[in-house]
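In the part that follows, the structures are each spelled out as C-alpha cells.
In the two complexes below, chain A is the common chain; its partner is chain B in one and chain C in the other.
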Partner chain A sequence: MKPTHEGVPPAATAGGAAAVTGPAAPRRGARERLTPPSWLALLFLLPALLLLGFLVVYPIVYSVIRSFFDASGGSFVGFDNYTGVFQGHDDLVAVRNTVVWVVVAPTLVTIVGLFFAVLTERIRWATAFKLVVFMPMAISFLASGVIFRLVYQQDPDQGVANAALVAIHDTFKSGTTYPGAGPRTGGDQLVHEQGGAVLGSAPVSAGQTALLPLVKVKPEYLPKDAKPAAQPPAAKAGQVTGTVWFDFTKGGGGEQNKPNAGEAGLPGIKVEALRGGKVVAKATTGKDGTFTLKKVPSGAVTLRLPKGNFTASYGGAEWLGTTLITPAIIGSYLWVWSGFAMVLIAAGLAAIPRDALEAARVDGATEWQVFRRVTIPLLAPVLVVVLVTLVINVLKVFDLVFIIGGGDPNANVLALEMWTKSFGGGNDPGSGSAIAVLLFLLVLPAMLFNIRRLRQERK
Partner chain B sequence: MSTADGTDVTPDGAPDDGGTGTGTAAVAAAPGKDGAANGAAGAPRRSVASRLVGRAGGTVVQVLLVLVALFWLVPTFGLFVESLRSTEDNGAGGWWKIFSHPSQITTSAYSSLLDKPDFVDSFWNTVLITVPATVLVVAIASLAAYAFAWLEFPGRDWLFLIVVALLVVPVQVALLPVAKLYGNIDIGGFKMYGSITGVVLFHVAFGLPFAIFLLRNFFAAIPRDLLEAARMDGGSEWTIFRRVIFPLGGPAIASLGIFQFLWVWNDLLVALVFANTGAQPMTKWLQSQMRQFTGNIDILAPGAFLSLLVPLVVFFAFQRYFVQGVLAGSVK
Partner chain C sequence: MRVSRGVTSRRAVGAAVAAGLLLSAAAACGGGDDDKGGGSKTSAGGTELKGVTVSVAAKWTGTEETNFRKVLQAFEKQTGATVQYASTGENTDAYLGPKLAAHNPPDVAILPQPGLMQQYAAKGQLKPLEPDVVSEVSQNFSPYWKDLGSYQGKTYGVIAKAAYKSIIWYRPQAFSDAGVQQPPAAWADLVKDAGTLQDSGTTPFTLAAGPQDSWTLTDWFENVYLSQAGPDNYDKLAKHEIKWTDPTVAKALQTLAEIWGKPQFLNGGVATATKTKFDESITQVFGQNKAAMAYGGDFAAANIATTKAKVGTDAKVFAFPKAGDTAPAVIGGDVAVAMKDGKGAQALMKFLASPEAGKVWAGLGGYLTPNKAVSPDAYSDPIAKQLIQQMQQAGDSARYDMSDLAPAAFGATPGAGEWEALRQFVSKPTDVKGTQATLEAAAAKAFK
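Here is the complex of A and B:
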C-alpha cells in the first residue's frame, strides 16, 4: 500500500506543472486527473496479481506438467497417472463415490432447500427457522464431522441416529425378545429346540392347554412389566391356551415345568400353531405369560415359539459400514448445506412477479400446475446457480469424508485421494497432480458458466 | 466504465455472488437474501407456493417444520451435552441420559482441555492465521477492485474475466506446487513451508478472486459524480480510495471480512498441508486427536465445540450488519 501512496503525488503535480506551460495544458491536466494513468492501476493491482500469479495461476500450470511425470518426477510417463486413477479397486471406489456425490448431493440439497423455502413462506417464525437450518454453514466441516461421528455411532445407547431408529422400530414392532433363552430340558421335556425355534414336544388340539417353560432368560431382557406366571386360562372350543414363562425360581426351589409362585411370565412372545408345517393360528403372550390361540382347526397341532423370539433385538443401521458410509456422509453434507439452498431459493421465490401467477390462476390452472408450470420455470435461474455452486463444492469435499470416514477406503472420494496420494503417505505427487488436474477439468464447465453470465450481465 | 454499466452490474451481480463463488460466498449472500425474503413475506401478497401449502393445512406444515428444526438442532446439541459429561458417563450411555441425570453436567472436560498447552497454542495459531488472512484479503482485494471499477488500463476487462475464471479453481490443484514453492523459500532460517505466514498467504491468494469480484461489483455502483467531484477537488487516487471508496464500501467490506474470517477459521485442508506442529490451528490439532475417536471424546467434544463457538458468535453477532451490507449492494 505504501508504494501506491508515494506513487500518487507525481500524477497530481503533473497537472500543476503543466498549467505553467500553456493554455492547452490545464485541459490536459484536468482530463488526466479524471482518467488516471494506467500505471497507477497497476500499482493498485500489483499485490493481488502477485499473489494470484504465484499461488494460483502458476500452480495450475505446474500441476498439469507434473501430472505427466512419475512419482519421483524424473521420468515422463504420459497419461499413465490419469489412467491409474481408474485402475485398481480402491481407486475405482473413489471414482464411483465421487460420481455418487456429484449426482446425489447437489440434487438432494436443492430439493430439500426448495421444499424448505416453499414451506417457510407459510410460517410466522420463518426467520428463526432459517437461522436454525442455516447455522451449520457457519461451523467447520471438522466440527460437523465430529458431530456426525457421534450421531452415527453404532451402539443405540451412544449414537442418536440408531437410538431413534430402534425407538421407531420398537414402536411399530414389539421389540420384546429374549436372546439366549432356550427350552427347559430334562424332567418331562415339555419343549425342545429346533433350528433356533422352541417347539412344544407334545401335540395339542383345540380345547387343550399347554405349558411352555423357558430357561436362560437374561435379566436385562426381562421386561419390567412382566407379571408372575399364571396357569393357562381355560380353553374354550376351538382354542388352545397356554403359558410361556421363565421356569426359574429365585433362590432355588420350585417345581420344574410348573409355573410356581415367584416365577415370571414372559410377555410379548409370539406363539404359532403348526399343522403339517403350516401356521394355522397365532398369538402373543400377555404380561403373565399366558396366550390364547383362537380358531384352531380341529385335530392335533404343534406349538412353536419362532426363532424371532430369541434373536437379538434390532440394533439400528450400520451407518459407517461398507454400504451406508457414503450415504451417511452425504446426509451430514445435507445437514450443512440445505440452509444455503433454502435461503437462495427463498429469495428467488420472493422475487417472482405476482402477475404471472395470477394470470395462470385466471386461466384455471390448479395450484400444483401453477407451481410446476410457472413458479419452477421462473425459479430455474436460481436453481441452476444453486446446483452449479453445490457441484463445484461437492467435487472438493474433503474434510467431511476425512473426518467421518476416518480413513475407510469405502468412503473415499477423489479430493481425499488427492491428499492421500500427495501428502497422506501415498508419496506419489505424479498421481496426486493428475487427480488435482482432473478435479480442475471437472470445474471448467462451471468456470465457463460464470464467464458467460458475467458477459451477459455486461451487455 | 460508465455509470450505466456500474448500475447495470450491481442489481444482478451482487445477489448472484453467493451462487457463483466458493462456499464462503454462500455465507455472505444468504443472510441478505434471508432479509429480502422476509421482507417480501410480510407484504400482503401471497405466492403460489404459500397458497399451495395453505390448502395442505397450516398445522401440518407447522408441525413438520418444528420437527425439521429439531432435527437440525439435535446433532449440535448432542455434541454440546457430550462435552459436558465425564468420559465414564459418556461411555455408559448416550447424551440424552442428561435429561434423567442432570447431575452429570460437569465442565471438567473443558478445564482439562484448556490445561493442554498444545490446544491453547493451536487456538492462538488459529487467531494468528485467521486475522491477518482476513485483513489482507480485504486490503488487497479492495485496492484491486477499485482499479477494476474506476481506473482505466489496457486489458482491464480481460484481466477481470481471468479473476472471475479463478473463482472456481479447487485448492487441490495448488497444494503440491505451492508446497514445493514454499519448500524453496528459506530466508535467514525462516522457512516458509510449515509457517503461519505460508498458510496465511495461501488463504489470501485463494480468497482474492471472490473478494475482488464482490467488491468490484459494489464499488462500481458508487455514483460516478462522487468520484469525479473528488478528482476535480484535486484528490489523489489514493486519497479517493481511502476517503470515498473505502468508507462507502463499508457494508460490502464487512460482509466479505466476515465470511473470509469464517472460511479461514474453519479450514482444515490448507493447514494440514502447510502448517507444521508449531503453526497448526485448532482444526489440525483436533484432527490429530481423531485416531482414537471413542477414546478421545473427552477431548474432541469440548474441542470441536470451542472451535465452532467463535464462528457461531461471529455469525450471529454480525448478522444484521451483514444483511444490510449485502442488501445495500443488491438493491441499489
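Here is the complex of A and C:
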C-alpha cells in the first residue's frame, strides 16, 4: 500500500480536499432550488414512517414490554421470563441446539457453497449444475421439511437415508436369515435361548435325532422355497439328524413341538454340535428344515443354532432419535441453503482478477496454494457476508425444525420455543416475548455488521 | 488496473450483501398464515337468515372437513345463511388466540378440548347460549354432556362431535391366523394374545408414539387408569387433586410396560414407535399388514378408509380390555362455542345441537354424538352402531379424556408435559419413578 500512497502527488490530495470544500457553497444554493423543503420531504416520508412504526417499531416495543409481564399479562415479573429461558432441562436443550445451529450450520453451508462455486468454475455444464444446486431454494421450507421427514423415516422401505445405509451395510455384511425368531415363551420346551443363540434343551449323542422347533418367524423372512417340515431322517452311526421348523400351525391348533402338517421347515439355518463349549460338527438345514450332522464323535453333544441366524437385520441409523435429530435437520438446511451460498460466492469468484491467480501459478504455486493463499483472501469479504447472513437466518430457523422434529424436544431451538411458549400450547406470551427479544438482540450485531458493510461498499 | 479491480470486487460484495439482506427479509415475511377460508354457496331452501354470513373454524381437514361442510350445507339449506369454513390446523389455540386478542374471532369455533372452552370462558371471550339453544341442548343431551359445555352455571358449548376412545382396532385375519378366536376382554388376555400373535410371526402392535401424536399414549394410560383406579380417582387425577407420584399411577404405568416395555411387541421396535405418527400407525396395520392391532378412537375409521381394508370386515374393533374392575369408557369430543353475538351464530349453535345435524353427519360416517335424539339407526357404518351402544351402556362411569381436561401445556402440547413424559416412558419402560416425577413436575407447573 505504501508505494501507492507515495505515488499520489500531494497536489491531488489537496485538490480532492478542495473539491469537497470548494464547491460546497454553490451546491447549497443548488439544493435550495432543486430539493423540496424539509417539511415537505417529511410529509412524503410520513406514510412510510407510519407504516414502519406500526409494523416494526410498535411490535418490537410491545414485545419488550410484554416480556416483563407474566403469562396473563397482569403482573410485572421483572427479568424472570429472561432467566426462565435458561432454566429447566427442555429450555436448556433449546439453547444448546441454537448454539449448535449457529456454530455449525452457517460454516458448513459456506464451506459447501465455496466448494460448489470453485468446482462449477471448472466444469462444462456449470449453469445446469448451479441450477440444480440452487433449486431447493425455490421450494418452501415447509415442503422441504416434509420431504426430509420422508427421507429420515426409520423404516428402510420408506426412508431414503436408511435405505442407503442398509444397502451399503448389506453389501459388506449379508443379512441374517430369520431375525427375531426364537423359542416359544414359557412352558416345557425342546429348545431355549441363551445369549441370542438357541440351544437344544436335551443333549443328544450320535445315532439320535433331535427336534428343534422355532416360533416368531416373520412371514417376510420365510423363504419362498421352504417346504413343509419333515420328520428328521434316520441317523446312521456317527450322525445326528434333526429338523428345524416353524412350529406354528396357521390358525392355531396343531400339536406343539411336532412338525405337523402345514408347518414349514426353515431352510438355511446353521446348526452346530457342541461338546464342552467346542464345536465338533456343523450342518445347514435343507428346504424341509432337516439337517444331518456327520462325524459326530461318540458321547453327548448339545445342539446349537448360533446367534447369527437370528440377530435383527440392520435397520439403519435412528436419524430422528435423541442424538442425531439436530444434525439431521442441519443436513436438510444444508440441502436448502448451499445453493444460495454457492451463487453468491460464485459471483464473488467471477470478480477475482485472473492475473493474480496466474501470477501465483507462474511463481510456482500449486493449485491448493493458489486456492488457499490467493482465492480465499480475495474472496474473504464475500465469505464473511454469506456467513453473517446465514447466522441471521439460522437464529430464526423454525419451519424445518417444526416439521422434521415434529415437536420432539430434542430438536428444539429458541425460535420454535418462542412459538410453543406463546401460541403452541404454552399459553405464556410473556416468556415467548422474552425469547423473541433475546433473539432480536442476538441478531442485532449481525444485522449491524451487514448494514455497515453495505454502507462501506457504497462509499 | 489495481483500482478497477478493487471496484469490481467491492461491487460484488455489495451485491452479495444486498441479496443477503433481501433474502433474509423475504424469509422473515414468509411465515404469514394464509386463510384457508372457503365459502360455500347458498342454496335454495329456508330464507330466514338470507344474507347472513356465519364464519366457522374447526380443526378438521380432509375427509372430516368434507363431511362437516356437508353438515354446514344442510344448515345453509335450512336457513339460507352463508357459512364460511376455515381450518384452524392441529393447534386450535394457536389459531384462535391471536384472533381473539385482535377481537376478530370467527362467529362459531369448534374447540377440541373443554379445557380450552373453560379457558376462553374465564376470560369472557365466549357468548353464552340463548335460552332456546340451551333448551335444545337440555332436551337432546344428558346432564353430564351439558355440564361439560358449561362454565360457572352458564352454558356456552354444544358437544358437536364425540370420539369414543376405549377401543382397539385389530385385523381379524391376523387374529385367526394366529388362532386367537376371541378378542381379549381383560388386560392379561391382551398380553397373552400379543404373545401368541408374536409366536405366529405377526407383530402384535403399532404404537403411535411420535412426538406430534403422543396423545395416543395418554389415551392408553387413561383407559388403564380408569379401569384400575376407578372413576373417582380418575376425576381427582384429572383435576390434579392427587399427585402423579401416587401409587395408582405407578401401577398403571407398570401395567402399560407389560406391552410398551417389550420392543418385540411393537412394529419396528422402540426406534420406529417413537417416530410413528397416528395415521402411520393405522396404515401400518391395515395397509401394510405389519402388525395386528393399533390403538385409535372411532375416528381411526377415516384413516382405515384410505387403505384397501374395509371397516367391519378387514378392520374390526374390540373394547379396550379391562385392566381392573371398571370397564373403561373414555370419551373425547369437540365443543362448539359462539364467539360473537349475532343471529347467525346462535342459529348455527342450535342447529348443531339438533338431531338434524347429527343425522346428516351420522349418515356420512366417522362420527359419533352423545345426542340422544340421534338413534343408532342413523349411523351408516356398523362399527359406529356398535360403539354408540357401548357408549350408551357405559352411562355414568364414562369419563372425558383426562389430558383434554388438563391445561394445554400439560395435556395437549407436542413435545411437552404428559405427551412427552409418556413418550420417554416408551423408550425407558423400567423407569416408572422417573416418569412419575417428570409427570408431576410438568403437572405442578401447568396447574398453577
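Following the convention adopted for this analysis, the second predicted complex is superposed on the first by the 280 of 459 C-alpha atoms of A that agree within 3 Å, B and C clash if a C-alpha of one lies under 4 Å from a C-alpha of the other, contacts with A are read in each partner's own complex, and residues count from 1 in each chain.
In this text, a contact is a pair of C-beta atoms (placed from the backbone, for glycine too) under 8 Å apart; a residue touches a chain by one contact, two chains touch by 3 or more.
Keep in mind the model is a prediction, meaning the values are calculated, not measured.
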Considering only the touch criterion stated at the top, classify A:Thr185 as touching first (chain B), second (chain C), both, or neither. second
Tell me which partner A:Leu150 touches in the superposition: chain B (first), chain C (second), both or neither. first
Applying the document's definition of touch, where does A:Val217 land relative to chain B and chain C: first, second, both, or neither? second
Would you check which partner chain A:Trp368 touches, where first means chain B only, second means chain C only, and both and neither mean what they say? first
Could you tell me if A:Leu344 is touching chain B, chain C, both of them or neither one (first, second, both, neither)? both
Mind telling me which of the two, chain B or chain C, contacts the most residues of chain A? B
Between chain B (first) and chain C (second), which does A:Phe134 come into contact with in this model arrangement: first, second, both, or neither? first
Output check: A:Phe44 vs chain B and chain C. Expected answer is one of first, second, both, neither. What do you get? first
With the two structures laid over each other on chain A, which partner does A:Ala126 touch: chain B (first), chain C (second), both, or neither? first
Which of chain B and chain C A:Gly321 touches, first, second, both or neither: second
Footprint overlap on chain A, where chain B in one structure and chain C in the other make contact: 4, 140-141, 153, 340, 344, 347, 350-352, 382, 385-386, 388-389, 392-393, 396, 398-399, 406, 419, 423, 450-451, 453-454, 457-458
Which residues of chain A touch chain C in their complex? 4, 90, 140-141, 153-155, 180, 184-185, 215-219, 222, 246, 248-253, 312, 315, 318, 320-321, 340, 344, 347-348, 350-353, 378, 381-382, 385-386, 388-389, 392-393, 396, 398-399, 405-409, 412, 419-420, 423-428, 450-451, 453-454, 457-458
Can you tell me which positions in chain A touch chain B when the two form their complex? 1, 4-5, 7-9, 11-12, 30, 33-36, 38, 40-42, 44-45, 47-49, 51-52, 54-60, 62-63, 66, 116-123, 126-143, 146-151, 153, 157-160, 163, 335, 339-340, 343-344, 346-347, 349-352, 354, 357, 367-368, 370-371, 374-375, 382, 385-386, 388-389, 392-393, 395-396, 398-399, 402-403, 406, 415, 418-419, 422-423, 429, 432-433, 435-437, 439-440, 443, 446-447, 450-451, 453-454, 457-458
Chain A contact footprint on chain C (complex, rising order): 2, 5, 8-21, 23-24, 27-28, 30-31, 91, 93-94, 97-98, 119, 176-181, 195-196, 198-203, 210-212, 264, 268-269, 271-272, 274-275, 277, 407-409, 412-416, 420
